[in-house]
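These are the structures in question, set out in turn.
Below, subunit A partners subunit B and then partners subunit C, in two separate complexes.
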Partner chain A sequence: MISPTKEELITINLNGLEVEVPNGMNAVEAAALHGHEVPHYCYHPKLSVAGNCRMCLVEMGTPMRDRATGEPILEEDGSPKIGWVPKPVIGCATNVSSGMHLRTESDLVSECREGIMEFLLVNHPLDCPICDQAGECRLQEFATDYGRGYSRYVERKNVKPKRTRLGPRVTLDDERCILCSRCIRFSQEVAKDDVLGFVDRGSFSTLTCFPGKELSNNYSLNTVDICPVGALTSTDFRFKMRVWFLKESKSICVESSAGCNTTVSSREGVIQRITPCRNDLVNDTWMTDSGREIYKTVRSEDRILRPSVKGEDQPLNETISSAVNILQENKIGLVASCHSTLEEQILTKKLADLTKAEIFLRGHFGEDDGILLSADRSPNLRGALVTGLIQEYPEDNLLALNDAITKGDVEVLLVMNEDLIKSGISEENLAKVKVVYIGTHSNSSSQNADIVLPGLSVFEKGGSFINRSFLLQSFELCIPGPVGLKSQAEVLSAIIAQLSNEECISTNLDSIWELVNSGQIDLLSSITYADLKVAPVQLDGSRWSQLNFVEKEALNYRPLAS
Partner chain B sequence: MNEQTPKERRIILKHADDPTYSNRISCYLREGGYEVLKKAFGMKPEEVGEEVLKSGVRGRGGAGFPAGMKWKFLDRKSGKPIYLICNADESEPGTFKDRQIMYKDPHQLIEGMMIAAYAIGAKQAFIYIRAEFHEGARILNQAITEAKENGYCGDNILGSEYSCDLVVHRGAGAYICGEETGLIESLEGKRPNPRIKPPYFPAVLGLYQCPTIVNNVETLCNVRHIIEMGGEEFSKIGKPNNTGTRIWCVSGQVMKPGYYEFECGALTMGQLIFDVCGGLLPGRSLKAVIPGGSSAKVLRADERFTGTLKDGSEFDWGLEDIPLDFDGPMAAGSMSGSGGIIVMDDTVDIVEAMANINAFYAHESCGQCTPCREGSLWMRKITQRMCSGGAREEDADLLLSVAKQIEGRTICAFGEAAAWPTQSFVTKFKDDFIKKASESSDDRNPQTLQLI
Partner chain C sequence: MAKTVVLERKPLSLSERTYLPQIVTGLKTTFSNMFKPKVTLQYPEEKPVIPNNYRGVPTLVKDPNGREKCVSCQLCEFVCPPKAIRITPGSVPDDQEDREHVEKAPQEFEINMLRCIYCGYCQEVCPEEAIFLQDQYSSSGYSREEMVNNKQKLYELGGTLPDHHYKWDKKKEAEELGNAH
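Let's turn to the complex of A and B:
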């Protein structure tokens, strides 16, 4: 995790020990810093404090002062006399101050937790065997950690709606809702789409959408993530998989230059869901709904699964050799991609240098939502700047390439990912050039290519991207790629090796980074891939401050001052 | 009536039952209305506040907090507007005094409020009136119009520079709207979910996150009388720390239930029930009294209350000896709360009374925080089952345990309001609860007894 910014440290007494914590931090976080869990439901570090679940009750006292003189009152041994608040207080709304005493472990605190757990469970359905949340459910976890262990409840349980459609992607089971209001606060405060609320009173309170509204914004699935129980469920993931079968890997969302950190959950090589992973510099704990859908492209119909030459399937090595043959010709154009990883871009640049190719690159732009879907709809445009593929800010087309073909300056094209027709290359011009296509999915480029070299999706390889804030972040392999396929980096390495009659650069990322560290790219020269795997690296993007980046001010992002 | 029984001293309800008096401004002016407002406007706002502080008047809404002190907590440094809110949500079971004031003498409240607004520097004041008081809202609106026409409210009051608008806001129809921070939320147009304190103390972060004073109807009416007679003089009414009069709302099995205004400490519980209210119904004996609205702890007729008072004197009281003021019921382990005195005689089934109270609190919990939301309904279900033939011996202890898990762990004082009745009923009448178990048979459907 990223270390918090330096704050004033103060000393408090936590369960009898003097410890240092940042001034004003709430007691839940302060205790956690020193290894004491304060269980909580409604508190969420990125939302306002509601204080309604009462699970975080702790004992609190402050040094007493004389009313008249303001002088501290001392015990006989000279230590400050502590005025303990007679009732337990909620940790989430208690901000620490110097000399404060906290007890997060005491008989009273245990009793409080036991009581709250019992109350939360009396009207809770026994759905665990069929509940999506089981295995990652706070109610289950705290029931075993802090609960009484048996039930004293013999009355009938409340009955509430079991499958309310709140929106296109979220289904609500009201009986499981513990009324923590996290989802409501998220909708108001982060998504800025105030559509959820409670109706009715007391234990009959029921979460619902306001009349005529639905939870359909592009952040709706975050409510499912932060719901501490199985009340809000993803309609997509509902009843599909027990979470304890899932393998979790850290990844980066490729939807836009925001670079949301994600957790990709897969089972036996098949991705089941994508959820956000906390990064306070980037996405806090959120991501878009649309970004979660991207895993579906891994197994989509238009995925390219075999290398081919002139439409005929060929073994990979032979296809690479055919590509090398074409690339030895003159007048080569290279369409680089802001969807490529930084490592792929480094190799693309090397290949361009080797073949004296002219480099073209298209940007992909859309509406900026001011939160986590930025106007730059590619994960690594800044990578193309850093690796020197481009110097100017790109257009959202390849018209320059089209002109170059028309003029006869380009006769052979190596294309990374891009769809040439959709980028403004005329059919006529496309017919004039020989095309080597490296990419994951079929498009006009692959359909018209002489040689097609399939690549791996972002989930099937490791690498790194530079996000809109010039934060360099790595991601790991989540699932194996289709049988027999190699990553774009390996394919590019093999082509480079054959073209230069050298040994293959390598197949692993560490050795590509050795290339980087040999000083070719000054901004990256002191970074190793091993470091990057541990924590993201903030790059200094100021040399590009005169470029007109399309992103608008958004969550954790401010445009470079030009 | 017994000779020694003290006479009512009607200050607040002075004109309430005068057949020649109506709620129109003409009557109010006839009786010297708005003269005190003129007096107050001749003083500095701080001086008005000082008088209220000196008077020692305590809040009549339930908690009994000194009004002058509350006003002093106002955050004046923030520079934000200051609001005054009159809490007219009166919904504590057993309480019906504010309604009398508003229906019968609304101008008294308006005058009190304008004085209070002047003292605290509020330019906008609200009367948050219980939803069910349709007629009350109409009367108040009519009175405000009259007051505005006469320059006693609204723009340039009494020709001065000072303006304060007054708006009647109809409540949202729930008991919890009377809790001051819930009231504020409701006034802002939201669900009346009480706020967490800290940080949301109304005097600092109240209505629209601005400093706000919330006072009960009766409290604000007292302000008028305090300024009329001076704080010093007012403080001589009643007893030290229990100044002024109180309106006791008596309900239950007495001959003459109703509202009675007495100087604080002027009479005992016994005098009120047996003399003022004409005693119990014929042939009945006293079983229990709830002294301050349904959330106050119940007192048993044959209990002895002993201890030491604040002034150091020892006391040894029976129920009938408890002096009626703020401190008396408090010393007896309960509270005078909102002044709602509920009398229960020997025909009352204590468990059923408990079930009724529990039904109220389960129905009225806002549902925000876990202990109150779940605990109140659970207690309702237990007592409902007990009254429907399904009582078990262990239920008494279970009720106590549930109540204990609520008390002191909730966002607002509703938690205590819900827990205290159970804690006192079950502790003091444990035998009645145990006996239910032996009377029980399982052939009745626990869902049949519909309480509210």
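Let's turn to the complex of A and C:
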């Protein structure tokens, strides 16, 4: 991981033009900064430099100096004489320094690239029609951009195993591997699970797991993402869909409070895979394997697809009216959720104020892996703090609510997505209260609810979450929701409108944010949703520094000093 | 206002009044055609000869070893202008002996003949020479569902075509001839 040592800018000469780049940046990044692509396979901005693919060869030179006097040697026209390194150097391991000259587009460089491409393609199978990488393959792209265009190779190509199982989620096609070692470095440096290595020599070299080990850690699918060719493939996505059919949308992983930025790929409203999206403030270019599985819940069997009153399907509007009738009673308890988006939490708070309901909230906690799976297994607990739903850090149960029901303080419950029995409410107590459930999937709350209002999953709506570093990030709609369903925000605002006899608040996210800007929450008052869609906003979480947050120090995260 | 001029009709000649020359001319044409070769076909009892390179109904073909050639790369689905093709890709289990070295094949392959415009792009784009527009030109059905050719129907229509490549055999040969690692 070569990163610029200082933020100071230096001047280098790139292809004959004087340009400014940060000191110590490598030549690949420096050239990219000024619009010159230096093709590379083994170099990855978030991994150490290996320098084994030789694709990023560039010409490098420095101004010459007289050895005896140290005086600069000048050309006849008075310009400094450049001592070019006689052979090209690799750009990924060349750090720029002041006055350095680089050529990334000379004849020598393009000849080098042609030669390297030819060697890489010698034993590469012509698998593109069945290769999952086709369409997003660096080898395909660079072969057309920098390759010779035809093959001079007449000998027989190497044959290697085509489907080696490296782990439960990763399948290796040995023939396609170009031995860049990105996956090996990732396993060592990021996942800290050193299981991969090369065996054998020359063209026999093969990627393999160490004896008795397998690539089974929770970050194994990142090796598939960083593989520049189609050698490492995801067993789940293998042969499922060609990538050029996929529509990509930016989303946020809801697995934990890390808030990984993701790219959700879907075709015709069906999600095919989730991959990480680079964000250097949050997840670099990684995400967990378990987070990639979440799309399977969208079409799972326990998804609630119809609004119902006492177990009978009803139209949505009538169901909302029946919910409003129940919520007009006294002694209302409101179980908010840290899985709700910030906008939904704002509406939940408004509803709680309107009905004078007591708010209960359950945290979901697990093991912290110190990378991107934080101990807080909900995406938006910080949101509940910011919106004022809770003041104290929540417990991983709802025993307080159980006591309140036992005492008779709560007779009606509005539940957002929470499983009441699993949260510690006794069945006897659950039978005592009337329950209105708003959520996406069936659980003990929905099964015992008088009124069930289905909602949309995180992929079917837009919104925002606040992650563990108090970074407010928005996500966009990826796929359309099931027919006839409305988002939780729309359902909540319809209930609020009917309860307060006012007109329905527009559920356009921009107008919810206008509501926010009108002043109730000071931390968010200067933010507009339009800005948020462009870039995440860092909030100041220092006022909650005395709370005992469960997250441990991890990738790009430091706990607030308490 | 223009004045209408009534023209006198010329009187008919004798030959015109008997009609005979006209009848004879007509019969000449009739009789001459009776002895010329026929140019019409008794369709549908008789079928026309379809020339090579005719763009008929798109079909899937097998190689002479009876193996399916399509690897479900979905390029035809991508290139199809009216979006008539729909493929569900699938993988071939490792242990099928007659399909060694084949990794991927379509699970389902549908061509909607109500949408197909017989442009032949699918045949042109196919990297495996698996889809051909052959000599079938009439397809009919009583319902929309019948007009969607599924994988089984497409292979029935396509049959086997001579193959110049024998891709899977070559792969097997390469493995046996010592380039295997």
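Following the convention adopted for this analysis, the second predicted complex is superposed on the first by the 556 of 562 C-alpha atoms of A that agree within 3 Å, B and C clash if a C-alpha of one lies under 4 Å from a C-alpha of the other, contacts with A are read in each partner's own complex, and residues count from 1 in each chain.
Simple rule for what comes next: a residue touches a chain if its C-beta (ideal position, glycine included) is under 8 Å from a C-beta of that chain, and two chains touch if they have at least 3 such contacts.
Since the structure is predicted, the reported quantities are computational estimates derived from the model, not experimental observations.
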| item | value |
| --- | --- |
| Superposition on subunit A - do subunit B and subunit C clash or fit | fit |
| Subunit A as apex of subunit B and subunit C, Cα-centre angle in degrees (nearest 10) | 90 |
| Per-residue contact with subunit A, leading partner among subunit C and subunit B | B |
| First (subunit B), second (subunit C), both or neither touched by A:Trp84 | neither |
| First (subunit B), second (subunit C), both or neither touched by A:Phe204 | both |
| Partner chain in contact with A:Arg238 - subunit B first, subunit C second, else both or neither | second |
| Partner chain in contact with A:Arg156 - subunit B first, subunit C second, else both or neither | both |
| Touched partner set for A:Cys112, first subunit B, second subunit C, both or neither | first |
| Partner chain in contact with A:Ile130 - subunit B first, subunit C second, else both or neither | second |
| Touched partner set for A:Cys53, first subunit B, second subunit C, both or neither | first |
| After superposition on chain A, the shortest CA separation from subunit B to subunit C (Å) | 8 |
| Footprint overlap on subunit A, where subunit B in one structure and subunit C in the other make contact | 156, 158, 200, 204 |
| Interfacial residue positions of subunit A with respect to subunit C in the complex | 128-130, 134, 156-163, 174, 200, 204, 206, 238-242, 244-245 |
| Subunit B - residues contacting subunit A, complex | 174, 176, 191, 196, 198-199, 362-371, 373-378, 381-382, 385, 398, 401, 404-405, 408-411, 446-447 |
| List of subunit A residues in touch with subunit B within their complex | 49-55, 57, 86-88, 90, 93, 112, 115-116, 118-120, 122-123, 152-153, 155-156, 158, 178-179, 197-198, 200-205 |
| Touching residues on subunit C, where the partner in the complex is subunit A | 71-75, 77-78, 89-91, 94, 101, 103-104, 127-128, 171, 174-175, 177, 179-181 |
